[in-house]
Amino acid sequence: MDTMMGLINLEHEHDFLNELTYFRCGAAVPFAGRFRLIDFTLSNMAKSDIHEIAIFTRSKYRSLMDHLGSGSDWDLDRRHGGLFILPPDWNDPTDISKGDLRYFHNNRDYFLRGKSDYVLISGSQFISTTVYHELFQHHLTKGADVTLLTTTYDQLLPEHDACVKVKTDADGWVSSLANEPKNSHVFTGVYVIRKSLLLDLVDDCIANYKNHFFMDGIKANLNQLNVQSYHYDGYSAIINSIDSYYRQNLALLETDAYKDLFFKGEHVLTKIGNQAPTKYLEKSKVSKSLVATGCVIDGEVDNSILFRGVKVSEGAVIKNSIVMQRCNIESGAVLENVILDKDVTITRGQELKGAKEQPFVVAKRRKI
Amino acid sequence: MKKECVTMLLAGGVGKRLGALTTSVAKPAVPFGGRYRIIDFALSNCLNSRMYTVGVLTQYSPLDLHQHIGVGKPWDLDRMNDGLTILSPPFTVQTGGNWYLGTADAITKNMNFIDRYDPEYLLVISGDHIYHMDYDKLLRHHKEKQADATISVLEVPWKETSRFGILNTTDDLRIYEFEEKPAQPKSNLASMGIYIFNWKVLRDYLEKDALLSESEHDFGQNILPAMIADNLKLYAYRFQGYWKDVGTIESYWEAHMDLLKEDLELSLNNTNWRTYSHDSNFPPQLIEETASVAHSLVNNGCVVSGTLNHSILFENVRIDKGSTIKQSILHPGVRVGKNVYLEKVIAQENIFIPDNTRISASMDQEPIVLSQENLKAITS
Amino acid sequence: MKKECVTMLLAGGVGKRLGALTTSVAKPAVPFGGRYRIIDFALSNCLNSRMYTVGVLTQYSPLDLHQHIGVGKPWDLDRMNDGLTILSPPFTVQTGGNWYLGTADAITKNMNFIDRYDPEYLLVISGDHIYHMDYDKLLRHHKEKQADATISVLEVPWKETSRFGILNTTDDLRIYEFEEKPAQPKSNLASMGIYIFNWKVLRDYLEKDALLSESEHDFGQNILPAMIADNLKLYAYRFQGYWKDVGTIESYWEAHMDLLKEDLELSLNNTNWRTYSHDSNFPPQLIEETASVAHSLVNNGCVVSGTLNHSILFENVRIDKGSTIKQSILHPGVRVGKNVYLEKVIAQENIFIPDNTRISASMDQEPIVLSQENLKAITS
Amino acid sequence: MDTMMGLINLEHEHDFLNELTYFRCGAAVPFAGRFRLIDFTLSNMAKSDIHEIAIFTRSKYRSLMDHLGSGSDWDLDRRHGGLFILPPDWNDPTDISKGDLRYFHNNRDYFLRGKSDYVLISGSQFISTTVYHELFQHHLTKGADVTLLTTTYDQLLPEHDACVKVKTDADGWVSSLANEPKNSHVFTGVYVIRKSLLLDLVDDCIANYKNHFFMDGIKANLNQLNVQSYHYDGYSAIINSIDSYYRQNLALLETDAYKDLFFKGEHVLTKIGNQAPTKYLEKSKVSKSLVATGCVIDGEVDNSILFRGVKVSEGAVIKNSIVMQRCNIESGAVLENVILDKDVTITRGQELKGAKEQPFVVAKRRKI
């Protein structure tokens, strides 16, 4: 049976989330009440019968490692295969590779050892709940060299500016990859490639002093390669800025979006926290909010997202805000258009207010 | 491989008095507290007390229970050389399965499992109580007293003593008498069904007891009285804290209402004594604009558009607009339509309650347990 | 949760003809090949064929077997939502355990387990053969033929056909007749006891068959003939490669001698088709100065000071100086004293063979199986 | 119950094994036919009811990560606790810590989060098979601040030169820690310390610009601390050079040493390889050798160690040598006093000969 190995390439994802990415990489940023960005792509892979997943990451990966643990929460704590965090280098003085090509170059044996002939590559910024079986089948049936997962957004948003846009012919063969502002046919960053071709392209890129596998190996060779597209039409979001992060979180408070993302596809696997169900006390007044477990709420919460273990005391008010794990909002505190990183305490009576266009972000473990 | 202490968790209870809640699942597998099964409390106590060698004895309707326990991952009991082992009756006999005759018989039939670890001590617990307890403290107490057996006890109100097995002790808690449900109690120390034995000592008693045809092969009825008669050193260990036998519909409901209290000794939010369970990875709950939620526990995957008061929602429950849920317990996957009114109701897994349904029990009535079957009768 | 294909591994065999080897363990748990148990071959085939949803049906003496399989870690079958599940008879009935009446009955009694995964296909295999096989190829063949059932077959020598269930097929391998041990065979395609069914189709036949009091509830005897009679599409799938039923002492010994051949189709060293098993973490074997080892398989933890020829040593075996072991199989933990001579002997686990013992079977005799008991008789 | 967390600190272990440590850290070097050096200390910890083990390592750790995997082979693939490879830094510009103190400093929350009040610290160069229960009990009973595991060697060998030597009073309290050449009472690198004291000493060291926790935090403060010793008298070896590596491997060919190390204590846990039993063919002639599984031998092997999956063809001769995983010794090849790293092929008829005092080392994947 033809199978795929997985690769989550974080090398070219910038630490775009300011305070939220001071001490963690973007892939490890909390999202939607109980997840981290990487959970979506990792779950999709795990549910697509991909049992061998490598992650390319250079720095600030400890919170990622903490989150992933042995991989057991994604059923990836395997004796054969499993989850591999691959470092970029080897202290090899003869190594001339650059960018993400260093990872490919220095972990060549990882790819060779794997039994799969195909590699599914993804970043962490495309949020969806799906499985990749049909994408893979499409790739095999079309006999493509590379197949890109693409989608279309009715409304182009600022976060789509940075995406590669796709033009295809009637059969789905890709004719152009460019940063066209008005093209709503977006490459999601997810693609399938034959392993042997991948390694050949890597060698080519390194020999020519390149530094970006997708841009230099695939996009630049679009004429020589048979690149297919496979269209994904489920719910999805792209998160690559504070603005898109804030907006796409709050977008899930609309019932339809919530159900489309979480109840149409597969369940998103994440680190199990073993929190108790959330406890609503006498004075709690919660509306249009996403609330994780382990919270104890005696205040007012509106149009907001509470992560695990948040405490909202009597008389506190939270509006249009994202409050991460174990924050403690003391009585009388008022938050509006705010993002609190985890373990923040907002003391009694304190008021914080950001703008809808620019939420006020508080770094973790602060007491204000 | 030698282990100091082996734990045997008796999870074979039928739970007849829980009625409809146990028609298809064993009592230890009954959902509890918004995200748990009753047995999670005992299993989590094992993990938190570092009791890593656990045999779980099942017999009645074990499919759901086995599926829930699996290989023990949530409790970190999926270990190489010990961890959790599910012991079904046929482990023990070559001639087909037999029900266990009593609590002691259940241990006797699994001696070969215990002997594999050659333990000094055997801890016996049951899978159908709600409590947090550090079994390691019990074990240390047992060792300090150099006891042959130690029984965990709870002070119960004097008027309730007749419902329990009562231990009569000297001032230093040495047990000189065991009375099952005494009419004239001399003590209010009730046995919690939690024992530590010196395994070699117990083994002898079990072997002797197995030969007695008139024995019920039960710890309380036979083994402990025999040990007391032989003047062995049996001590009581005083447990302090919340402990509840959820053996009836009423007590099951009461225990849930207890959880809504703010000053309960047992806290599900206690990060030093977590209760572990499976997690189906539902997304966080969505509380809609029209919702009103107070005095309630709500788990992941719920979507609430109605009013909740003094209620517990397990995962993936939906409450539509205009509905009011009071003093009720809704098991996983329950769907409540529009303008429904429920009061003092326990709704079982995946039931769909149609629009405009009204079901309520009065304060002095037993809670109403809804199943797919009786729902039709009630609503038609 | 839906799975395309569920595998049921029948591991309940008694293995009577293996004599002393199965007095205390089920046939699938009998040691094989220097480090394996017989069932490891089927389980490793599952892993290598990516068949990850496996029910293992045990009944006879399952303690060792359960301990060996554990939660399925060596085969990567300790998974969250599927993986390996041990199914003991009491999973199925509320009234105590019952033996399975036949191979089909074993599946019938575990329908609720299978239905949990709502599979398209059911793969049925047994745990007591030695072979490497890609079940995924079998499944693809089944799908290509759009068959209702596919049976894996092996060409056997014509003179041996009377020992097997023989399938008579048309040229394109469609089965029109099944003959159990025919005297006048029309074909030499023997059933290997490996089946793939469309689960919905099989389910109906099993339900009907369960009601027939005169049925043996066996696939070969009842289910397949009934399907053929109804003109369903049954196809044979030709297996090529080494396959051995180690059902007798003689064939068990022969299969071991096969392993010593250099050109055997089945190679334990095949890195593309590994056979997985438990590993007790013994250190590498120590071959001492006085040793001479040829034509043999030796596992970890052995210390060899004597002479080995055409023999298999399981882990942690000791051979002292001056001893010679020929054409013999020594199970884990066997201790051989000084100046011992063994030929064509199978020594069971942890036996101590005293100095100067001589035990041999001649070439035309069945191998001698040594147990702690008969050893005393033989050596005294 | 009092419990310990484990720490394997590789920061100050040099890459002492030349060719063998070009691409791996010393802790990952193969030993005794089927193990890696780190297996010994890791197994000892795992068997001492230590369920939370951190590893401090900076570079060349990929083969270590490959070896450890999810930790399942040590029963450390746990949801609570488990195995943590901790990086030294956090890209924190205000960080002034140095040496192994950077790890302690930047992973302070790891220690705080652990539920154990005591930490067992070890390197990877002390080889023994034991459990630490008695050491821990000794530490608690004596009420010590720190308890060092010590041992005595009848004969001082070159590898003991680099060790810290210990002097104690009659009650085992340590009065001196120094590099005395003739003192045979050796500190093994294994010690127990109270977590709170550990963190206090770390702060002290950092404030004073120190760079070595044991030397600067404990040895330098010997007068202020109550340092106990616990004497280990089982079989052990210290490996910190090519010479000691070679000698201590071959020492295990003596039956007594082999049995003392492997059959008196606990089994050493290592990555499970699922190799077949070793196959001896017609012409095989093996004596006084340690042979792992998966080998196929048709040649002559004497006073040597063969790792997993080594192939020795007819007519090949191996003497006084260490041959690592999957080496292929073709027919007629002769090896004497040689160490072959893994995946080496020695072609037909080739002869290699090193000296007993300086074995000839061949780096991995070479074909000669």
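Things worth noting here:
The letters A, B, C and D name the chains in turn, as written, and every chain counts its residues from 1.
In this text, a contact is a pair of C-beta atoms (placed from the backbone, for glycine too) under 8 Å apart; a residue touches a chain by one contact, two chains touch by 3 or more.
No experiment lies behind these values; they were computed from the predicted model shown.
Chain centre most remote from that of subunit B: D (centre = mean of CA atoms). By residue number, over half of the touching pairs seen at A-B are also found at C-D, the match among A-C, C-D or B-D.
Mean C-alpha position of subunit C lies 40 Å from that of subunit D. Subunit B and subunit D, compared by their mean Cα positions, are separated by 45 Å.
Annotation for subunit D: residues touching 2 or more other chains are 72, 78-79, 272. In subunit C, the residues touching two or more other chains are 73-74, 80. By the touch criterion stated above, subunit C contacts subunit A in their complex at residues 47, 50, 73-74, 76, 79-81, 136, 140. Touching subunit C in their complex are the following residues of subunit A: 1, 3, 49, 75, 78-81. Residues 59-63, 66-67, 71-73, 78, 80, 83, 85, 88-91, 94, 96-99, 112-113, 116 of subunit C are the ones touching subunit B in the complex.
Looking at the complex, you find that subunit D touches subunit C at residues 32-34, 72, 253, 255, 258-259, 261-262, 267-270, 272-294, 296, 301, 305-306, 309. Within the complex formed with subunit A, the residues of subunit B that make contact are 33-35, 73-74, 260, 262, 267-269, 274-277, 279-301, 303, 308, 312-314.
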